[in-house]
Every structure is written in structure tokens, then in C-alpha cells.
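Next, two complexes with subunit A in common: one pairs it with subunit B, the other with subunit C.
Coming up: the complex of A and B.
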């Protein structure tokens, strides 16, 4: 079931949480709403669910307008950030809740709950109480409860937010596989770009109640629409500089603190893996730096460097193999040269 | 065992607790039992099974139970409004809840009696309609509601504050009506606190004397509660009989509260 949001606005007092937001989620698609806190992503999700009413605009599930439909009748599955499991009910009764209130026959309830317990791989734990489960298990129970009465759409608020790193990775893969099995139109909210990229078909990047960019994960990562998206979707170095014939030319460091000001003109954005380390001074466009700190990060080595005067820093990511060909010691003086860089039109709004 | 506790003070605080519990609670209770032993077993049975004593006990327990039950409903509503809504003078209303704790209950009794008397502010309208409240068991229930009411509010309030609105939203989004949400989601979470409030209000009602003597006509066998009867016996210098009645009142209250405790524990069984 596709979801359409048209020109939805929502204010809390003088704070504008959503400012004429429109999105289109095709049927069977898994979409991530990505943005920093206060960007309006959770509010948008709650408006779609019916937990919050829009000040203006409308929400449709396929062709049916649901803007005014009360939440009880929208038939949506919703997974809360902190699960909101009913702690006085067993796992079984939690999952069965949506069926009980709809007065399903007892044997059908049992059958459906067994199916879901199998789906979330928690068979045998059905008589436990939520307090006796781990975080990941609670999350899965919350998901099963949301899926029990066969909702038309599934909405998840920060589904991985409260989990530790390892469980998070597992659950991410599991959620993706689950979605490939059941093909339910789903939207989830996250502030973590890795969550968004790992799970979703499509990413919607939000800031200050507006949508900044919509696209497939690779597309958004490779072609960020503006400096904000570039910065938000991963680590980025910001230098003074410009492009010449499409090649970045670095002319100096930016003082600390300027880096996040997206309206600064004359800056170049370079991702850590797009920077190179040179041991001799190359042609123009490179900057001198001193190795400050090395830390391994999966298949890459992250090299943190400082400007000679010491007040600015940058980060280079090297493949482990490339690094091992020519290891670096802390304190070594080198040059950093960009292979690729981006410039954005400065923003004048806000 | 105490040497294993990293923070010192266990022995001292336990000793302190036992000393004061003994002086303030156990000793007077033991004295009641001791004094009533002045009676022979036959006299004891005769005293407590006297029709007047039985009627007083019945009235005490029934009015206290009814009042505590009414307080559940009233207290829940007031706690709900105080927790969930914002309105002008909310803090004032919140502070007023405790008034029955502070007010001498005799004052409450006098006020209720004068309000519902034949020519009181309320009585002058309802007595001609045939509704007699002053000096009847209904008046007793009314003052017990007044004195017990803060217990339920204060027991429920913190628990209600802790219940996340997430739970209600989850329930609604799963298709539950407001009523289903209350019964299936909120009530089971509130029940232990309500039981506590109920038990406290009940205990308060069982022992209430000051307000009841003013609103009740205190007729033996009709509108006389057990505490009033005990005082009457004391005034007749029948101390042993008074303590015998007190002992029965005490033991049955204790049994009732114990029962409530068991129920409360049972309703908390999901808490690991």
C-alpha cells in the first residue's frame, strides 16, 4: 500500500516541526527518514501514523485519504522507540493484543501468534514477561505485535536506537530480510546514516522540518544535494579552496568551528577516503599536515592529522593494504592532497 | 551477614528500627492483648459476640469498605486529572488534596453534620425531599470518604506519572478503544497502587472516631461504630471489655490488610 504525504505542516507552539513536507512512498518500499534531532522526522512519522494531527496538508494510504481517520481505524503497525510493550502481559498476550481488541476467535489468535513467534524466532519464550527479555528480543516482540493484525503499513520510530552495536547490526540485517519476505510498505526513522543505508531502499534526508534530499542510499551518498547532506551522511573534511577544471584545489585550513557553517563560501568538501597522503610536496592544491593519531576501523586505517600551526585538523582514510605499504608514525610531517572534492552553492536561507 | 555490606550502618539502623517499633507499635498492641486477658474466655466471647458489639463491628467494616471503594473511583479521577491535564490553580488544587490529613477530623464531622442537618446549607433542600443523611450510616460513609480520599490520590499519582503515554498510544494504534485501553493497559499498571490506596483508606476508616461521633447519631445497634463503642465501654470503666473489642477490631483489620497485601503481591507478579 503506497503512502502519500502532501504539503503537511505541523507546529508545536512557535516551533515549526514540519514545513510543507511532501513525500511519496511506493507500495512495498522500505524508506528511511534520516535527520538530526529536531529535524521533524519523528513528527512526520507520527502524522503518518495518526498519533499527531497535521495542521495542514494531507496523508493518503493508496487512494484513501486518512488525514482525519482516527488512529484506531488506520490499520497501521507502529513500533515505538522504547518498544512500549505492556509489561504486565506475557510475550504471547502482547502480540495477541491487537487481535483481542478486535475480538478474534481464540483459536485464530493462537494460530496467528504462533506464526509471528516463529517469524521473530522467539518460540518458547511466549510465556515470558517483557522484563525478562533482552533489548533485541523486546524489539522483535514489539515488531510482532505491530504486525499481528496485518497492518497496511509499518512505521518504526528509531528501531535500533536503544540497542548496543552488535545487536543493532544483527537486527538491521534481520529487518531487511523480513521486509524482503513480507513486502509491507514501511517507513522508519533514524538519526544514524548507517542504519538508513544498511536497511532502506530509499532515504529521505530531513532538516528543520523540511526535506533536503530523497534518493537511493548510494545516490544520496555519492551525489549529496547540498553541504548539509554531505556533512550529515558521514565524516567530511572542509577546507578553504575551489574547483579548477573539476579538480579540487586546497588553499588553506578553516579555523575550528567554521566547518559546520554551511553558508561559508569558498570551501571544498572532501571525504576522508578521497584524501591522499604524500610524503613529498606535490604540485599546488595540497596542504601540509602532521600525523596526530592513527586508528584502525574495519578494513581501513583512519589517520587524524593536524595543520602545522595545530589549530585545525583533518582525517584521511586509507585501505589497510595501502597503509601497510608505507606505514606512518605519529608526528610525521606529510602532505594531504584531494583526489576528489565538492563545492556547494552557499545557502542564504534561515 | 552485616559485615558483607559495603556501606556501614545496618546494625545501628536495624537496632533503632526495632527499638522504636517496640516502643511505639508493639508495646501498646501487646498491652491491649494483656489487658483483655483480665476477662475469662467466656466473658471475652460474651463481650465480643454481644449484639451491640456485633452491630458496631458490622457497621464499622461496611462503612469503611464502602467509603474506601468510593475513594478508589474518586481518587483515580482526581489523580488522573492532576497528572494528565494542565489547568489554572492546579498546584493549589494539588495542595488541597492533603487537607483531610491536616484537618482535625472532628472539624470535618461537625461541618458535614451542619451541612446536612435539617436547616443546613444542603440539608434544607434534600431533607424535605425525604433524603436524610445527617446522623445516618450514609453520613458516616461520607466523612470516611473525606478522611480516606487523600490516600488513594497520593498512592496513584506517582504511578500514573510514570506510565508512559507511549503505552496508551501503542494500545490505540493496535485498535483498542479508550475503554479497552483503560481496562487492558492502564488498570493493570495502576492496580497495585490503587490497592495500596484502598488499604490505607480502609484502615483509616476502620479506626475513625473523631468525625463519626459528630455526624452519626451513635445509637447502639444502629449507628454506633466500633471505636465509639470502645470509648463508651471505657467511660463505663469497663477497660477489659474495651480492650477485648479493640483486640477483635485489631485482629480483623490485620487479617483484612494481610489479605489485601497478598492480593497486591499477586497483581505485581509480572515484575521481575
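Coming up: the complex of A and C.
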């Protein structure tokens, strides 16, 4: 079931949560709505679900317009951020709820709930109450409940938001595998680019009620449309500088606080893994720096550096092997040189 | 900054644990003396007086007199009706206030508290003015054959007014803490508005409801001021227990007045006990639900 959103706007008082947003979600696709808080991603999800009504614009499931259809009749599966499990019902009754209100026969209800308990691997816990489950288990029950009556689309609001790091990782993989099994058109909201990249086929980056970029995770990460997307999708160093013949030339550090101002001209964006450390002064375009802190992170080492005057800092990411060829000590004076960098047209706000 | 505050906090904690014995004994005795003299002694006195002529006379005072029997029956018919009215009002008002933002919401929230602030006598007088022969509604209702004033309906109205805040006040914070997500989840699963209400909203409130009903009943049974004004004050006709107690007391019919008063005291103690029981029964569950919302946030 494909989903089309056309020119949807939504305001809460004077706050414009969505500003003429249009997206297209192909059938069977798993899409992440990614953005900082206040970007309108949850509002968009709720408008698609029918939990909020759009002020203007249109929502369609395949060819059917559902803009005015109440949530009861949209046949969506919605997973709430804090799960919203019915606390006075057992796991079994929670999952069965959607079937019971649709007046399924009792034996069919039992059969369907067993199926779902198997799918979420919680057989044997069906008589527990939500308060007796762990966060990850609750999340899976919420998912099973949403899937029970075979919805046309699955919508998830911050599905990993309230989980600790390890459970989050497991559930991410599990959700991806689940989606590969059932191929249900799904949209989920997240503020975490790792979640979005790990799970989705397509990422929609939002800011201030507008869509900044849409694309596959690799595409969005490698070719960010603007400075905001670049900054939001992972760590980035910001320097004074420019491009010459496509090669970045750094001319100086930016004082703290300028990094998030995307409308500053003359700024080069360099990802930590695109920076190199040199021990002798290279050709022009490199900056002197002092090693401040070494931060091992899996297969890479993050090297935090400070500008000579100590006001600004930057971060270089090196593979562990590359680092071990020439280890660094804290306090060493080095040069940082970019292999690659990006400049963006300054944005003009009206 | 940090080490400073911790060193400042430590000696204070130590001092609290090391208050001198005489001070602790003094404070404890003062507290016990106040509770004993102001609360325990009078209540004990009620029972001692009530039973002063033996248990046989006690029950004769209670049930031998037809006016006393009538008072007990009147209270048993008035209080439950008031509680039911408050239940309907309480659930709908709490839902309205907790779930919706509408003009006049703050006013409604304030008005709900009015019965706590206003003197019950004023409530009684207002009802007399409204339903009296010269009142706004009185003549119309009496031409329709309905007598409100000096009759059971007036007692129910007065009691309902006075006990209005108990159930609403219990439910609003509960509904606000639970939030609308469970209800929205029910709707997204295809439930109709009524199904949502009966299957999700109401069961989620049951402890708060029970709690509110207990408090509301206790207060409804004991209401005196407003009921005093609107009742006919005729022995054996539309007199609640508190009114009959006052009348017996005025007629120097001791210990009959104390016998009847002991019923009121007994109901009050029983409801406090029920409340405690409910609190300890719901204690672990409340903690669980608190952690549920805690790790969700």
C-alpha cells in the first residue's frame, strides 16, 4: 500500500508544525522520518495515521483519499512512543484488542494471537501484564498489537527512543528482519540518524516543518543537500575556507558556536574520517593543531584536537590500523589536512 | 561547587539522626497529646456514651425508635444517589477537563472546587431560593407534581452539591498522568468511541474511582449544613442521620443521640480503613505504573 502526502500543513496556534509537506512512500518500503525535535516529523506521522487532522493538503493510501477518514477506519497499525499498552490487560488481551473490537470469532483470535506471539518471540509471556515486561518486550508487544488486525500500513513513533543501547541495537535488526518478512509499508519517526540508517530503505530529513532531503541512507549521507543535513547526519568539522579546483583549502578555525549557523559564507564542512593528520607542514590548506584526547571507538580511533590558541577544536577519525602505524601522544603538535570537504550555498532566511 | 554542597549536607543529616533524646521525646509527646485530646478522646467518648446503658439499650435506641429507623433509611437512600450522580458527573467532567482544551475549561476547573470553599448553609439557602414557592424552578416543578424542597430530592441535591469535588478531583490527576495515548491506541486499533471508553478509559480509572467513591460516600453520609436547611426537620420524615442526631441532642435524649452518632463515627472509621486497605493493595501496582511511565520518559 503506497502512501502519498500532498502539500500538508498543520499549525498548533502560531507554531507551524508542518509547512506544505509532500512525500511519496512506495508500497512495501520502510521509510524513516528523521529530524531534530520540533521538526514536525511526529506531527507528519500522526497526520498520516489520522491521529491529527491536516489543516490543508491531502493524504492518500494508494488511490484512496483518507484525509478526512478517522483513525478507526484507516486500518493503520500505530506504535506509540511510550508503547501505550493497556495496563489493565494481559499481553494476550492487548494483542487481541484490535481483533475483539472487530468482533473476530474467539478461536480465530486465539490462533492469530498465537501467531503474533511466535513472531515477536514472547510465547509463554501471554498472561503477563505490561508492568511485568522489560522495555524491549513492551515494544514488541506494542508492535504485535499494531500488526494483529493486518493493517494496511505500519507507523512507528520513535520506536527505539526509550530503550537502552543494547536492546536498541537488537530491536533495530529485528525490526528490519521483520519488515523483510512481511513487506508492510512502514514509516517510523526518529531523531537518531543511526536508527534511521540501520533500518530504513529511505530517509526523509526534516527541519522546521519542511523536508530538507529524501533519499537512500548512503545517498543522503554521501551527498547531503545542504549544511543542515550535513551537520545533522553525523559528526562534522567546520572550518573557514573554500574549495579550489574541487579540493578544500582550510584558511582558519571558526570560533565555537558558529558551527550551527548554516548561513555563514566561507565555511568548509569536513567529516572526521575525511581529515588527515600530518606530522610535517604540508602544502597550503592545512591547519596546525595539538592532540587533546584519544577516543577509541570500535574499529576507529577518534582524535580530538585543539587549535594552537586553544579556542577551537576539531575531530579526526582514523582506522585502528592506520593509527597503530604511527601512534600519537596527547599534546603532540600536528597538522590537519582535508582529503575531501564540502561547501554549501549560504541559506537566506526571509 | 559540588564538594561544598555535599559536605554541607552531610553534617545536617548527621544532626537529624543525633537530635537529643529529650527533644525527640518532647516532640513525640506533644504530637500524641494533640491527636489524643483533639481526635481520639472525643471519638472514644462517643462510643463510651453510646454504650453507657449496655449493648441491649444501644440497639433499642437505634432501632426501637421509628424516627431513628427512618433517619437511617433516609441516609441509606440519599447518600448512594448522591454518589451515583457524582460518579456520572465526575467521570464526564474529569474526561472533559483532562482530555480537551476548550474555552471555559479553567472556569469549570475552578467551579468544581467551589463546594469545598463555600459554606454548606449557603448551598442550602440557594436551593431553597431556587426550588421554593417563589423560586425560579419551584412553581414549575410543583405544577408538574414534583416536590423538591423538604423532600428527598432536595436532600440528594444538597448532598451532591457538597460532595461534588471528591470524585472529579481524584480522577483529573489520574487521567492526566496516564495521558491520552492508551485511548488513541484503542482508536487506532479500530475501537469506537464507546468501546474505547468502556474497555480502556474506565478500567484504567478503577482504583481512582473506588477511592473517590469511598471519600464521597463518607462525606455524603455525614453532610449536615446544606441538608439541614433544605430538609423539613420533621422527625420520621426526610431526616438524615446527622439531622436526627442534632434533634435528639437538642431534646436531651442522651444516650440515644450518641448511639446514632456512633453509626456516623463507625462509617467514617470504616471508610478510612477501606482507604488504607486500598492504598496498600494498590501500592505495588502504583509503583509499577510509575516506573512504566518513568522509563518511557
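Everything below uses one rule, namely that the second predicted complex is superposed on the first by the 349 of 350 C-alpha atoms of A that agree within 3 Å, B and C clash if a C-alpha of one lies under 4 Å from a C-alpha of the other, contacts with A are read in each partner's own complex, and residues count from 1 in each chain.
Operating definition for what follows: contacts are C-beta pairs under 8 Å (C-beta built on N, C-alpha and C of every residue); 3 or more make two chains touch, one makes a residue touch a chain.
Treat the numbers as computed from the prediction; the structure is a model and nothing was measured.
When the two complexes are overlaid on subunit A, subunit B and subunit C occupy overlapping space and clash.
With both structures placed on the common chain, the touch criterion links A:162 to subunit C but leaves subunit B unconnected. In the overlay built on the shared chain, the residue A:82 is in contact with subunit B and with subunit C.
Of the two partner chains placed by the overlay, neither subunit B nor subunit C lies in contact with A:111.
Once chain A of one complex is fitted onto chain A of the other, the partner contacts of A:135 are limited to subunit C, with no touch recorded for subunit B. In the superposed model, A:7 makes contact with neither subunit B nor subunit C. Looking at subunit A, you'll find residues 49-51, 71-73, 75-78, 80, 82, 84, 86-88, 97-98, 101-102, 131-132, 145-146, 148-149 touch subunit B in one structure and subunit C in the other. Within the complex formed with subunit C, the residues of subunit A that make contact are 49-51, 70-73, 75-78, 80-88, 97-98, 101-102, 130-132, 135, 145-146, 148-149, 162. Residue ranges on subunit C touching subunit A, taken from their complex, read 181-182, 184-192, 195, 199-200, 203-204, 206, 285, 288-289, 291-293, 295-297. Against subunit B, in their complex, subunit A makes its touches with residues 49-51, 71-78, 80, 82, 84, 86-89, 97-98, 100-102, 129, 131-132, 145-146, 148-149.
Per the touch definition, subunit B reaches subunit A in the complex via residues 164, 166-167, 169-177, 180, 184-185, 188-189, 270-272.
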